[in-house]
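The data blocks that follow each hold one structure.
Shared between the two complexes below is subunit A, which has subunit B as its partner in the first and subunit C in the second.
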Partner chain A sequence: MKEIRIFHEAIENTSNMARKIKAGQKKIIGHLCSYTPEELIYAAGFHPMRLFSSKSDIVLAEKHLQSYCCSPVRGVLEDSLSGRLDFLDGTVFPHTCDSIQRLSDIWRMNGKYEFFADVILPAKLNTRSAKTYMTDVLTGFKKELEKASGKKITDTSLHESIKKFNLIRENLSKIYELNSHNPGLIKGADLYAIVKGSMVMDKDEVAGLLPVIAANLEKIDPPSEKGKRIVISGSICDSPGFYETIEEAGGLIAGDDLCTGQRWFEGMIQEDGDPMTAIASRYFDRINCPAKHTSLTFRGENIVSLARKNNAKGVIFMLLKFCDPHAFDYPYLKEYLDKEKIKTMAVEIDEQQQSLGQLSTRIETFIHMI
Partner chain B sequence: MQGKPQKKIKAAKKMRDLMTTYYLEAMSAGQNNKQIAWITSGGPVEPLVAMDIIPVYPENHGAMIGSSKMGEDLCIKAEDMGYSSDLCSYARADIACSVVKGGPIGGLPRPDMLICCNNICGTVLKWYEVQARFYKVPLFILDTPFCHTGYSPEAAVYVRSQIDEYIGFLEKVTKKKFDYDKMALAGKLSLEGQLLWQKVLNTTAHRPSPMSAFDAFFFLALIVTLRGTQIPVDFYRELIDEMEQRIRDGISIIPDEQYRLLWDNLPLWYQLKWLSSEFSEHNACLVADTYTSAWCGAIKYTDENNFLDSMAQAYTRIYLNIGVDQMADQVLEMIKFYNVDGFVMHSNRSCKPYSFGQMDIMKIVRERAEVPVLMIEADMVDPRNFSKSQVETRIDAFMEIVKQRNK
Partner chain C sequence: MIYAGIDIGSITAKAAFIKGNKLLGTRVIPSGYNPLNAGIKVFKGLLKKTKVLKSDITAIVSTGYGRASVDFADKAMTEIICHGAGAFFMNPEIRGIIDVGGQDSKAILLDRKGHVDNFAMNDKCAAGTGRFFEVMANALGLKLNQLGDFSLKADKPSKISSICTVFAESEVISMIAGQEKRENIIAGIHESAAARISSLSSKIGIKEPVMMTGGVAKNKGFLKALENRLGFELIMGNLPQENGAIGAAVLASRL
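Right after this comes the complex of A and B.
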């Protein structure tokens, strides 16, 4: 599908794509997290762009972050220090894990870009005071953006922005749903490209392409189901090879619980009423990242229902080495799935090391077994 | 290597007795109809004191596990349970200990509630979630927004309102009314204890130093665990007297102190003796550290007459909850105040928020304080990430540089 190809092309050369966006007179604000209030950045007239590590060798970042820091954090710092992100006009750091928290400090102290902001979100997302605080923090960020852009972010522009992002979310959900009904309808690598592309590409372009893809997929005759349905859980999965490995081993990717997947686009923002409260509310309602607290069982129940909903035969945990929040949740999520007799396996990944050799044997064994 | 003989600090015995009494009381809480709250080391303990709830500190327990060299076994048990070996070793050891009831004191007394303040790290949030599921007890989270560059008015409102939520939580769990008078007293004693602790630490500014950071690591336990009561107040007064007497008598902790060093990050609990003699062989004394001083760093934000209101800020702006540049400023101040000749940083695999940013601090210290800096890689409790011979070689080489510069 030619629309999908556009996504592939965009993520293959993000700096090229960034250059095009800049040529259109848009400033680019980079970020690293699914808790980034992208709606605000977009409404301010900037382009919010999620940063992924280029996975180049760590040389310069070695002087700032020890080897026991997770690969996405070290990798993105390396990209910045070595000039690969020079297209950025600024960055924003929503507060999540300890590693990003310190990356933000290091980034600010070695500041390279015009705009810098911390959005110090609450860690618990289940109380009224936390919600008030979240709304206040978002309002503060909005002011910083206004200062940077030199113009007010009106409620009208915010509503429009919210609508745009909702449209993107709605269509991604639709694509996921179609695929979940008939896994294999879309290849894992394509799914990956679409989601990643949606995080980095021009939002208007994405909003134009996704409905076309969804409509086309609806028309395609689904392939007969050959393989075992798998759900992936973890933080960042920036490896198309990982999806391919699962498919080659006889698995079908039916859904995910990833920062760079469903967890990023799930949940709509209410389109009427006060936009700031509406944006905050979505973060409270949607399934949380393990660096945030909602309840003691929310993620456990969610992974079970996700596996159920997708009729998954197994769940593969994709854990990034040195990622504390996810590593802490893994035994508990596994326990929930064990209780329901849903098979699991865990793989530990370091983005820097790209070879999936050993891993593919293990994944194959797992898929055979389930 | 055998360390040189040191003139012992007399108060150490009393300190040990106090801690034993405290743990015995905690262990028999059930028989005495008292409730137990597990709380993070940087957590607001004063309201617990006011409610007559016994606070128990898994982190202090973690240090004990480390000191008694039981860390490796417990960490391995946690790994068998599925916890990654890259997680904080306090958390790993504690989580395993709850299941196997091992460790130096046979595990901690069962909690009736958990109080987690994330002003030190995000790890405690996850760790306490694990324990709340395990013990099936209520968890209160005091969420202290990170202060990269300052304390925002929004954060002030948020944290202050959580203090009331905390009180409400305690009333609900204990089914008792909160005692504001007792709270005010606990607040006063807490501040007094912190001021005295600061004074204890300040005695090492004297050359030669009457005690070292290794002693501070030991004496720290009181201000952590019994903050808000009379006990640390009385004890630290005595300790200060002893230190001042030592200063008057010219007694130093290192027989022939020639070099003074500042330590960063948590200690290596399982190698305290070795490390201390390693430095004293070079006539070097670790006179101060950034870790133990964290329990008096927020004094400036505390209002003795309005503790409850001021504690929001005091608990939010502690050493680990501020930006790396502000941490570097504090390090520079300490270098000056304690007049040190070198800075030793423990790059601690367990503690990411403490260790990430250290390399930037190192650079700042080298540039602005012009003292040599050594960074050693280890872990506070898990000895598998520590190589004695490697660290020894590095310390020796570092001390050569320090000596050269002070010729």
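Right after this comes the complex of A and C.
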């Protein structure tokens, strides 16, 4: 499908894509987290772009970050220090894990880009004060963006932005749902390219392409189901080879609980009413990442229902090496799945590691076993 | 009907033929750098040894890290599945397998039918595997097959704290410089590897009876250290190194 190819091309050469965005007189604000209030950045007239590591060798970042920081954090710093992110006009760091917090400090002190902001989001999302606090933090961030752009962010522009992001979310959900009904309808590597592309590409372009892809997928005769349905859980999965390994081993990716997947796009923002309150509300409704807290049961119940809804035979936890929040939650999530007799396997990945040889042995055995 | 299994490991390539529930023969050769050539060579060698004609082989399953390279096999399956099938073929009572090969170590749990129920595998580091022992034997000026007997003569095993092959080697070299007895150093090496493998086994809650497979099963000193750690005796197959290839042949008969 030529629309899907556009996503692949965009993620293969992000700096080229960034150049095109800049040619349209748009400034680019980078970020590293699915909790980034992208709607505000877009409404301010900037382009919000999720940053992914280029997976180059770590040389310059070694001076700043220990090897026990996760590979995406070290990788993105390396990209910045070696000039690969010079297209950026600014960066925003929402409060998530410790590694990203420390990256934010190093980033600010290196002061490479014009705009810098920390958005100190609440970590506990189940208190009453969290909502008020959240709206205040977002209002503060809005002011910083207004200062940077030199113009006010109106409610009208916020409403438009919300609509745009809702359209993207709605269509990504639709594509996921179609694939969940008939896993294999779209290859894992294509699904990965579409989601990653949606995070980095021009939002207007994405909003134009996704409905076409969804409509085309609806028309395709689904392939007969040959394989075992798998759900992937974890943080950032920036390795198309990982999806291919699962598919080659006889697995079908039916759904995910990934920061670079469903967790980023699920949950719509209410389109009427006060836009700032509406944006803040979504953070409380959607499934949280392990760096945030909603309730003792929320994530456990969510992974079970995700596995059930997708008829998954097994769940593969893709843990990034040294990602403490996800590693901490893994035994808890596994316990929930064990109780339901859903088989699990955890694999630890380092983005710098390119060989999937040993990993494929484990994935093949797991898929054979379930 | 004769079925063949070919296991291309990181250090050695193995082949096995079975007919019904009878093992016709096995063969082991070094893997070299070309997994396909190793596969062809070990297969042809076993045809000659067992006087079986290629046309008599009904199906072939390949396994091991080089499994995908064996283009004349009917199917490639992982060594974990094959070790399960191999151990069950040799002894249907077996519920657990500890396999220590050239660069991987695995603990496998089998159900009553001999299917893999759970498994754990070392991540990336080769500590406690065949390659680890090769490096250590080299540092101590011994042949790999001398390690077992030497360590059984130890009076006070040395303490090797590093879990990384490279760091453990430099630790061993400082011990040599400090004139520690070679027997004690080797016993220490075995204990450090045994600690690693037993933690892998406890991860999946291994159940007796447990069979030891893989080339490292030939090292008696290591086995003793591992049994001490686990607190139970391991069952030794006659052909631990060939077990994966035997399992592959069993799985070929089910294709």
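The working rule: the second predicted complex is superposed on the first by the 370 of 370 C-alpha atoms of A that agree within 3 Å, B and C clash if a C-alpha of one lies under 4 Å from a C-alpha of the other, contacts with A are read in each partner's own complex, and residues count from 1 in each chain.
The working rule: a contact is a pair of C-beta atoms (placed from the backbone, for glycine too) under 8 Å apart; a residue touches a chain by one contact, two chains touch by 3 or more.
Here the structure is a predicted model, which is why all the values come from computation and not from measurement.
Of the two partner chains, neither subunit B nor subunit C is touched by A:E225. Looking at the shared chain after the overlay, A:E9 reaches neither subunit B nor subunit C. After overlaying the two complexes on the shared chain, residue contacts for A:M369 are found with subunit C alone; subunit B is out of touch.
Shared-chain residue A:Q358: touches subunit C; no touch with subunit B. Contacts of A:Q101 after superposition: subunit B is touched, whereas subunit C is not reached.
Between subunit B and subunit C, B contacts the larger number of subunit A residues. Overlap of the subunit B and subunit C interfaces on subunit A comprises residues 348. Taken in their complex, subunit A has these residues touching subunit C: 348, 353, 357-358, 361-362, 364-365, 368-369. Partner subunit B is touched in their complex by these residues of subunit A: 63-66, 68-69, 95-99, 101-106, 108-110, 118, 120, 122-124, 127, 129-130, 132-133, 136-137, 140, 290-291, 293, 296-297, 319, 321-322, 324-325, 327-332, 334, 346, 348.
Subunit B meets subunit A in the complex at residues 81-84, 86-88, 91, 118, 121-123, 125-127, 129-130, 132-133, 139, 141, 143, 145-146, 148-149, 152, 154-155, 157-158, 161-162, 165, 323-325, 347, 349, 352-353, 355-360, 363, 377. Across the complex, subunit C meets subunit A through its residues 65, 77-81, 104, 115-119, 121, 123-124.
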